[in-house]
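These are the structures in question, set out in turn.
Next, two complexes with chain A in common: one pairs it with chain B, the other with chain C.
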Partner chain A sequence: MSLVNFTTREITCKIVYYGPGRSGKTTNLHYIYGRVPESRRGRMVSLATQTDRTLFFDFLPLDLGVISGFTTRFQLYTVPGQVYYNATRKLVLQGTDGVVFVADSQARRQDDNLESLQNLQQNLLQQGADVRQFPVVLQYNKQDLPRDLILTTEELDDTLNFRDLKSFPADAIRGTGVFETLRSVSELVLKRLAAGGTVG
Partner chain B sequence: MTTPLNPRYRFESFVVGAANRLAATAARAVSESPGAVYNPLFIYGGSGLGKTHLQMAVGHAAAAINPNLRVEYLTLDDFVETFHAAIAAGQGDAYRRRFTEVDLLLLDDVQFLTHRREMQAELLRVTNAMLSAGRQIVLTSDRAPSEIEALDERLIQRFAGGLVIDIAPPDFETRIAILRRQAEDRGTTFAPSVLETVAGMGHVSVRELIGALNRLVALQAVNEAPLDPQQALAVLGQPTRPATPSTAVPSLAAQAAPVPSGDEFGSFLNEVSMAVGQQVEAWRARVAEAMQAWEGEGYRVQRLVNLLNQETPVDPESVLREFVGDIERLKLLEAEAAELEPALAGNSVFRDPDSVEAAQKQVDQARQGTLPPPGPSQHWLLADLAEGSGTRLALRAIRDVVARPGAAYNPVVFVGEPGVGKTHFLHALGNELAARPDAVVACLETSDFTDELIKAIEKDRVNWWRARYRRVTALLLDDIQLLAGKERTQEELFWLFNLLVESGRQLAFTCVSPLAELKGIETRLLTRLEGGLVVELPSPDREVRLAVVHRMIGAGADPAETEALATYLAGRAVDSVRALQGLVQRVLNAAEAQQIAPSAALARRILEGAPAAAPRRSIGTRASGVVTPLAGIKSREKVVWDWPDSVDRMIEELR
Partner chain C sequence: MRTIEGWVEAPLRTFVDDASPELTLLMTSAGQVIAQHGFARALDVMSAAALGAGIMASSQEIAVLMGWPEFRVLVHQGSARSHFLAQITLPTTRWVGLVVFGADTKLGVVQYFFDRLVEQLATAAPQVTERREVLAADFEHELNASLRSLFGR
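Then we have the complex of A and B:
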């Protein structure tokens, strides 16, 4: 999937929210959904289990209207976080233009964060993306939890941000940092408009 | 009390978007054929969304198509006030009559009908009267008819019988388009993304939007540097946001940060707009925007699609310019086609800039399909005009005009008594002009001109009639004095006259009396006629008479006898060429009947020996038309017009 289609004059950005299970990816999408005027958003598709775990993926289409003559659409996806859904994650990652890695700030989830990040790298590599160039931003979610449970952004940066990506502390339930993260990844993605850097 | 239409409220200045497209289309349809479609047209929508604009645009457009249409715009308040005033003055009937004379009634803000029973009854009566007479009503309101409190059920039904249509608040793109057009109108250019920022602020009504823009225009005018989007937000009283998020904000700060508020999506949208604006190459953005605009108007944009798909086109701007040029051409062609053949309007061929040739062909066909206006008669040629001292000036004028049509003398008016040859001069000029390449010369009797107009009015094809004459390269009207009292013809001729003169096309007329003595013709037309060259044609002098006689009798077997005959005939006292031709014809007819060669003796016998009952058309002081030795009367229509009484008319019909 190409970012710009000149024939139909469309710019379509596919952004995938990646991260370990229960880190708050779907919460990010829900918050965005709630903030977008009805006319601009499509139906949010969410396939969740009874305990609200993402089973397959969430999908939120956003219609940003015509910008510089191009109909601009954003498609926001989440992947299921649990380790055993890797096939689904690969599928969702296909054709993505940018990734938001949602990390769980809790100290006890550090290993899950790392494992998921490695999985992301692996899957991107498999799809032929250059992980050093690919638009990825980090979001350290659940920064609202008590201090003794979570790591600071510096500590999280130390462990996860070895590529010096942009990172944002967040509280996805209340929306802190949600749009900042989305704006940042969008900016990275759109900078690559001319280059046409899409996975797959 | 009628409010004049605001000249700025036209279709051309109305920005069409998804939210008002249907209303705009319906309004256009109504303006093109008032009373025929969607009657009444009821437009409703929130304040400041363009209802009044659309309504007045209908009035402007309808009046442009048919200048004689009586258009009346008034708000419900006006309607009520005049009603009360009329009732107070005891002139209720006059008030009612007034609306029966209006062809297109534009009534604004009808939501104020709430609880006004007597006004509702009055409007119901007006509506019924207008609908039954096929006259158009366009109403606007800020809510749907069914939501107007205590509105008479019968009125609701009447409105529902036409078209009830709403205008929604403009979407983001339309808001941008409106802002751009307004900025352009004010001659102000804003930095990229400023207008997008304003459009993203969530103003619902167009008035608010324009108000916001006005503030920016005013500020930018006093500012040295152009405003940036952040400043724009500040000016318009919206909190600004840091342009870029800082990386790795300390977590304490994050915890202290308040829960986000305001329009997060709006500012996200602004940033995306800016990013796209920076990333999409300028020419691509221009091409894509042009495509969107033209596509919106229904044009095919395949050429631009191909252009966009190229990696590095050589000169995209010139392709775009050419494309726009082609569309302009299509528009002109379509306008012409619509005038020539109303059915052609909206034909898809006028929507494809890649088929300008095909569109041109359509118009050519339409042109051929319409009858060309009547041209000059082939029987009156310049070569047949005898030159004499009296005709020298007129001949000279014809030659000058033929050498430089539209530039030498415009118009030329031949003035003279009946029978001196005005018509011959006029048609001779017409024939000479018609010989030029691509010439379309209209040369006809003024009475025929009037008749054609009347028929066109009858069949509602006045535009077609106008188009027919507007494309002529020369217009020659015989007997212009017959315009007296024909007000509409005078008016049409006046406009046609101006149009033709301005575009350097030739006009010529004939008139039986000096222009100053003409009665019943508007001064504005008379002064225009006098502004050209007025040539007086006197009674034929001997030189001319001799030439005329010679041409008619030809070279006889005996030159001396022929000369004697010619000298005798030319010496007869006649005051017009036509009378002279009548005399010669009588002699020739007699000679033919007696099977002898025409001679002076015969002529003397015929003309001086008391001719009892010669047929009128051959002595013809009244029967105009040129009589030639062989073919008799050539100009049938002339004869018909000049037959003096019903007996002669019957003879003509029997013929």
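Then we have the complex of A and C:
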């Protein structure tokens, strides 16, 4: 849940990058970390295995600047994608304000995408979130791979985007679509905060 | 010292005066910062809160798996500094406290005054949360400008 400090006029929101293993969640954060001025970001924390697979989470705090008179900060997290890390995914998902679902565009990974999306839905439901209203955007990563290996954004929409969410083609290594995805989820999260109109 | 909620400040100040910690951080169980003392950079506080909440949450899950009672307190002893993590149960919510302390104090002192901090917070906590307006409806152009400047576009 977003935290709002009315005395110092600060807002802090939590966004989680979710998706199957090796879909590019950590790569999104690395790209953002590399592009954002040091004064606007904190240290990127990665709790990873020796082979650089996410073990618990990656964490990147960002200072978005002043919005509607509030200094606005976003905390970006990733979850470990492998199926057997569901317990840690649930922990990272606690209190999240928005989710970026990073799908792997490769045709052979489509079952993994679906399984992870279903897992996200289950975990949000367990936390009492209304999944129809919850801010989620989809990112179809690895669209730079050869055409014969990947699905088009239309094909991915057909199978993954049954809620008609905003979706973005991406190549997270080179940064294509990374900014657009972050902009979109930020907007959804803040719109929800504004539409709620009030916060404790 | 910085706090999100004004009513937290007095109990936290008393704790800092009595227990002499180097750093103190109060956070939600999801890792959002409620109050801090001793940190120099806002963004570093967020990292510490994310990690502290992660330690507490994963330890709680281990306790659940084993069928043990929840861990209320976790202590990591270092050679020069140690850290103390503990649950804070309030009437309407649950927070986590992270205290880093050095040779100026002792674990027992931190534990004793932390328990008093929890009591004082529970007494001071409002029973009903006041609700106020947050963002103007036309914030989007400011968000877009902020993100463009963030990414150098």
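Operating definition for what follows: the second predicted complex is superposed on the first by the 182 of 200 C-alpha atoms of A that agree within 3 Å, B and C clash if a C-alpha of one lies under 4 Å from a C-alpha of the other, contacts with A are read in each partner's own complex, and residues count from 1 in each chain.
Simple rule for what comes next: contacts are C-beta pairs under 8 Å (C-beta built on N, C-alpha and C of every residue); 3 or more make two chains touch, one makes a residue touch a chain.
Treat the numbers as computed from the prediction; the structure is a model and nothing was measured.
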First, second, both or neither for A:Thr153, with chain B first and chain C second: first
Contacts of A:Phe6 with chain B and chain C, given as first, second, both or neither: both
Which of chain B and chain C A:Phe57 touches, first, second, both or neither: second
Partner chain(s) touched by A:Leu193 [first = chain B, second = chain C, both, neither]: both
Which of chain B and chain C A:Ser184 touches, first, second, both or neither: first
Touched partner set for A:Arg73, first chain B, second chain C, both or neither: second
Intersection of the chain A residues that touch chain B with those that touch chain C: 4, 6-7, 11, 35-37, 40, 64-68, 70, 72, 179, 182-183, 186-187, 190-191, 193-194
Chain C-touching residues of chain A, taken from the complex the two chains share: 1, 3-8, 10-12, 14, 35-37, 40-43, 45, 47, 56-57, 59, 61-68, 70, 72-73, 75, 77, 87-88, 91-92, 94-96, 179, 182-183, 186-187, 190-191, 193-194, 196-200
Residues on chain B engaged by chain A in the complex (per definition of touch): 171-173, 196, 244-245, 247-251, 254-255, 257, 259-260, 264-265, 267-269, 271-273, 275-277, 279-281, 284-292, 305, 308-309
Footprint of chain A on chain C - complex, ascending: 2, 4, 6, 28-34, 41-44, 46-47, 50-51, 54, 57-58, 61, 129-137, 139-140, 142-147, 149-153
Complex contacts: residues of chain A adjacent to chain B: 4, 6-7, 9, 11, 32, 35-37, 39-40, 64-70, 72, 74, 105, 140, 143-144, 150, 152-154, 157, 161, 166-171, 174-180, 182-184, 186-187, 190-191, 193-194
